[in-house]
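As written, the chain order gives the labels A, B, C, D, E and F, with residue 1 at the start of each chain.
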Amino acid sequence: MSGKQLNFWLLGALSWHAIVYNPASSISGFLFFMLEVSNLACSRGDHRLFSGLSFMLHPGQIMQVQGANGSGKTSLLRTLCGFMMPDEGDIVWRGESIRELDEEYYAEMLYLGHLNAIKDELSALENLQISAGLSGIELDEKEALAALRRMGLRGRERLPTKVLSQGQRRRVALARLLASDAALWILDEPLTALDVGAVELIQELLAEHLARQGMVIFTTHQPLQVAGAEMRSLSLS
Amino acid sequence: MSGKQLNFWLLGALSWHAIVYNPASSISGFLFFMLEVSNLACSRGDHRLFSGLSFMLHPGQIMQVQGANGSGKTSLLRTLCGFMMPDEGDIVWRGESIRELDEEYYAEMLYLGHLNAIKDELSALENLQISAGLSGIELDEKEALAALRRMGLRGRERLPTKVLSQGQRRRVALARLLASDAALWILDEPLTALDVGAVELIQELLAEHLARQGMVIFTTHQPLQVAGAEMRSLSLS
Amino acid sequence: MKKSTLLGLLVLVIRRDLVLAMRRRADVLTTLIFFVMVVSLFPLGVGPEMSMLRKMAPGVLWVAALLSSMLSLGRLFSADYLDGTLEQMMLAPQSLSMLVLGKMTAHWMVSGLPLVLMAPVLGLQFDMPVQALGVLIIGLLLGTPVLSMVGAIGAALTLGLRGGGVLLSLLVLPLCIPVLIFGTGAVEAVSTGLSVASHLSLLGALLVLALVFTPWVTAQALRISME
Amino acid sequence: MKKSTLLGLLVLVIRRDLVLAMRRRADVLTTLIFFVMVVSLFPLGVGPEMSMLRKMAPGVLWVAALLSSMLSLGRLFSADYLDGTLEQMMLAPQSLSMLVLGKMTAHWMVSGLPLVLMAPVLGLQFDMPVQALGVLIIGLLLGTPVLSMVGAIGAALTLGLRGGGVLLSLLVLPLCIPVLIFGTGAVEAVSTGLSVASHLSLLGALLVLALVFTPWVTAQALRISME
Amino acid sequence: MAINWFKYSAPTTFYGLAGKLIPWFALSAAILFAIGLYIGFVVAPVDAQQGEFYRIIFIHVPSSIISMFLYLIMAGYAALGLIFNTRLSAMMATAIAPTGALFAFISLWTGALWGKPMWGAWWVWDARLTSELILLFLYLGYIALHASIDDPRRADRASALLAIVGSVNVPIIYFSVQWWNTLHQGSTIKFTGTSMHIAMQQAMFTMLAACWLYAIAVVLARVRSIILEREKHTLWISELPEVKG
Amino acid sequence: MSGLDIWMREHTLAYIWLGSYAVALLIFAIEIAMVIHKRKITLQQVRLMRDAEDEAGDEK
């Protein structure tokens, strides 16, 4: 995985320049901010989920979105992805609104939702290679196998995913985290269906990502600790 | 919900007679056994999941099936439902193999799987009424509303379930527990997507069911305690 | 909270599927419009000569009816399968055949009946004589339920993700052809002066056969597909 | 691990959809069987008069091709939508139009191309002259991609809607009528001695138009549907 | 000429304006209908070839023309709504569709009734008839798509896209159908109204005007309901006299 | 010549009126009725919602 790290550092260096020299970024007053959400409001149907939501996320930070069922966590994450338009407010990435950035933003962002986004008919290996390919990364078979094995899928790499157990399917989806150079991870209940061992693995992955100056926004109803990082939290009520 | 309890007692009384007078039940030697699994073996593909599995479940008992992802918990539960045929061994309910019993067994059993079995287009209310109807129970609107409200869905009863959040959808599925007179509950990861409050509620429901001499077999990767009942556990490795 | 009867269950299933269809009121209408459109496409392909169109009319109408009920059949079980409802139906303490019969009936009411009612108008576009139209309607009334029921077997079999699906759907298709042949035959018998009744009674016999066997066969197919 | 190019992405998407189609061989075959069935039913419905059948042939073949590609369109995006893959595609850092173009191409290769290859055999059943068969094939080669592409817009718009299949055909069939008319027109021009080339070049023009605009329009439709 | 057009493109002002205009449109439509029917049936003479049957023209032609224009207008509004994200345009497009579909239906129906005595058949696969039928399908597709999406914002955008794609296709469809029909068919009886009697012309134009006015009135009334429905959360709606009362 | 054809020739004006104009006017009438009905329903809904909001406001 050294190629990946290299890749990441390169990207980091580029983005550093972008921040320093991009005039737009100086508006906010901070030099190092990456994701800035200001005064966001979102509603579904007749129902206002949240409003006046503002926060910033810096490299190396992790944030848990908390709230009861139906409080709007998923809606918030989907708005951050640009799937839903907010009623008010703006989401700014590296000083530009994500509305304008579009594909540039997507190149640096990874979203994992309630759905696993894997194809039942394809094997875990094919699934991983294709989903990495869609996000612009060509994985060769060795790399993909290594990622799947790290996710505890040894011996299951070539089975069609439809025969896998619920937790194994989730692991296939999560293997994308290992094959991504995105700076911002947006994870909606990544721990669903995972057993204790897998939860620990995810915690490790998050810690590694943060150590690489990555950013994470996630939701979960289960306890989750990440070593060596302070967990910020955002409560929706 | 008094009608329900009444119903349950009546059913209990009948089944008592069935046990006492049913000659088949005396084979096992126990008078009170309800579910008896003996020497069960199950495989998927080339893969033997478990074998030589035997256990008994008595009224008022709860059993957690434990194991890592892919260890065969779901397969075991689906075999207990009769969806899958075991390679070896037998599943006996009230002294008769469930292969022979079929619909009589189904009348006393409730299964809740990974999938919610709710219709996106229907409201929570309609979903509950219909799924109760399919398991042979006619719920009037008041009863159904009461069940949904107990599940924390007040104000969401008449929305199409497709707009509900993941946890709310799971709650709609779980509302069936409140509208069932089945003696045996088979629950596959009932806590998926539920928040802390809902988990407590489920614990309460399980305790009530056990107090009524019901039986529960379930799986979960999250911690779960039931007041006033000893938790048996079965490990698949 | 009280126990429901077998008939109550049948009514429940029918009502449920009708409610689901009505949730999208456009749904019923679109099946119908699809029928109308398929029928109207043929003149565009074949050309506007009336004498030829008149001859083609019964065939076109019947094929269109088959297609529209087939198209909507794809969803008969698959939606229930994907969201887990079908699993629950198989755990219902009542006979699965009964549930299946309910689903078939609802399907026919939503997608077969409107076609029957629309057919005469389309027949007029093809300049069909009134007598032939009457026979066409009776034929469709007898035949469309058979299409729904036979199609349900196919729908149940194609649910299974097994490779055998192709072979089995091939087995089902020929079952629909007799319906078409008797149906169009009845209409053509009007103009050639042959016996209409024999064709129609054959259709009726098919209907009875289908009513007796298909619910059970479909239920078995579902059990196979679900394992 | 290296970055992929835009063309690499196109190839990836096409290969992915083809592999998926091969895993579900039943789906591909049913489209083809449906085509054959619709075409072969006509002689049964209309009667065995060869002169009439010969006249009908191009129309029937084209209508059948139109309907069968419509039949398979319902699945173009819906499977990806349900399992969340489509979401991920929309988050891909490349142009969504490119992905859509890939999916269209794969769809045509799976459901359009087999029809083109099958058509001459069926045409012979209707006693079509060889020259007409040639024109039919060229017409289908130019026309079926347009059907796939225009259909994709409808598939994207009806994504996630109940009764999507039928609604889809309601939206798309009227838009496909020009293809049908030029396609059959070309074949008929052979027998009437009129200019075949003008029909075919019109079909070609439609193809170019569709290639330029439909991927973008479909991408927009997907964005709207996913909101 | 300092009329602020944007003022009327806001639902707030448009709602009031439309409310004031509707009675006038409706009233003049009714009067013109009466006049048109009077001229058409009493003043206009019997046609030499067709006898009385030709009088169907007074409803047939206006409804045909209006059905075609309304589609273009609808697509125009839809495009405006999609591009500039103006709320009112999308509502207008939605309000126009049912009226357009009904006029298309009337055109088909009256045409069929005319065809029976003239051609001896209710329906002939003539280019003009066929393209009118396809137009009806396009309307129905638009309506069905809009109706099957629950979220109104999404419904607006999706059906707007469809309307635009449809309007690009309408000319293609029109010419292809015309070509299809004329290529291998010379014998369909065509009505060629060469020199029309002056009273006939008057009747037809009066009826055309009446139909336009009627269409405008109905569309405005419908759009008012749509505004009410969509904006029911806003303050100005809850302060309307008809809501308070 | 079927019965309808003969009737149509003998009673042309009735045919035109009943067949075309009456149908067209009927369609107009139905459309007007639908529009009026829709307005009534919408107003009702809006009033209901306003009342509900008022109550919610009072509770606070």
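Note that in this section a contact is a pair of C-beta atoms (placed from the backbone, for glycine too) under 8 Å apart; a residue touches a chain by one contact, two chains touch by 3 or more.
Just so we're clear, the structure is a prediction, and the values are computed from it rather than from any experiment.
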item	value
Of A-D and C-E, whichever chain pair has more C-beta contact pairs	A-D
Furthest chain, CA centroid comparison against subunit B	E
Most distant chain from subunit C, judged by the mean position of its C-alpha atoms	A
Equivalent interface positions on subunit C and subunit D, same or different at half	same
Centre distance in Å when subunit B and subunit C are each reduced to the mean of their C-alpha atoms	37
CA centroid of subunit B to CA centroid of subunit E, Å	58
Rounded Å distance, subunit B centre to subunit D centre (Cα mean)	47
Separation of mean Cα positions, subunit F and subunit D [Å, integer]	40
Two or more partner chains touched - positions in subunit B	114, 121, 160
Residues within subunit F bordering two or more other chains	none
Subunit C, residues touching no fewer than two other chains	20, 23-24, 26-27, 30, 33, 37, 44, 47, 79
Parts of subunit A lying in touch with subunit B, wherever the complex brings them together	44-45, 67-74, 114, 152, 156, 159, 163-168, 170-171, 189, 192-199, 221-222
Residue ranges of subunit D touching subunit A (in the complex, touch as defined)	1-4, 8-9, 12-13, 16, 19-20, 23-24, 79, 83-85, 87-95, 99, 226-227
Of subunit C, residues touching subunit E in the complex	24-27, 29-30, 33, 37, 40, 43-44, 47-50, 53, 124-127
Contact set on subunit E toward subunit C in their complex	121-126, 130, 133, 137, 140, 143-144, 147-148, 177, 180-181, 184-185, 188
Subunit C to subunit D touching residues, read off their complex	20-21, 23-24, 26-27, 30-31, 33-34, 37-38, 41-42, 44-47, 52, 55-56, 58-60, 62-63, 66-68, 71-72, 74-75, 79, 82, 158, 163, 165-166, 169-170, 173, 177, 180-181, 184, 188
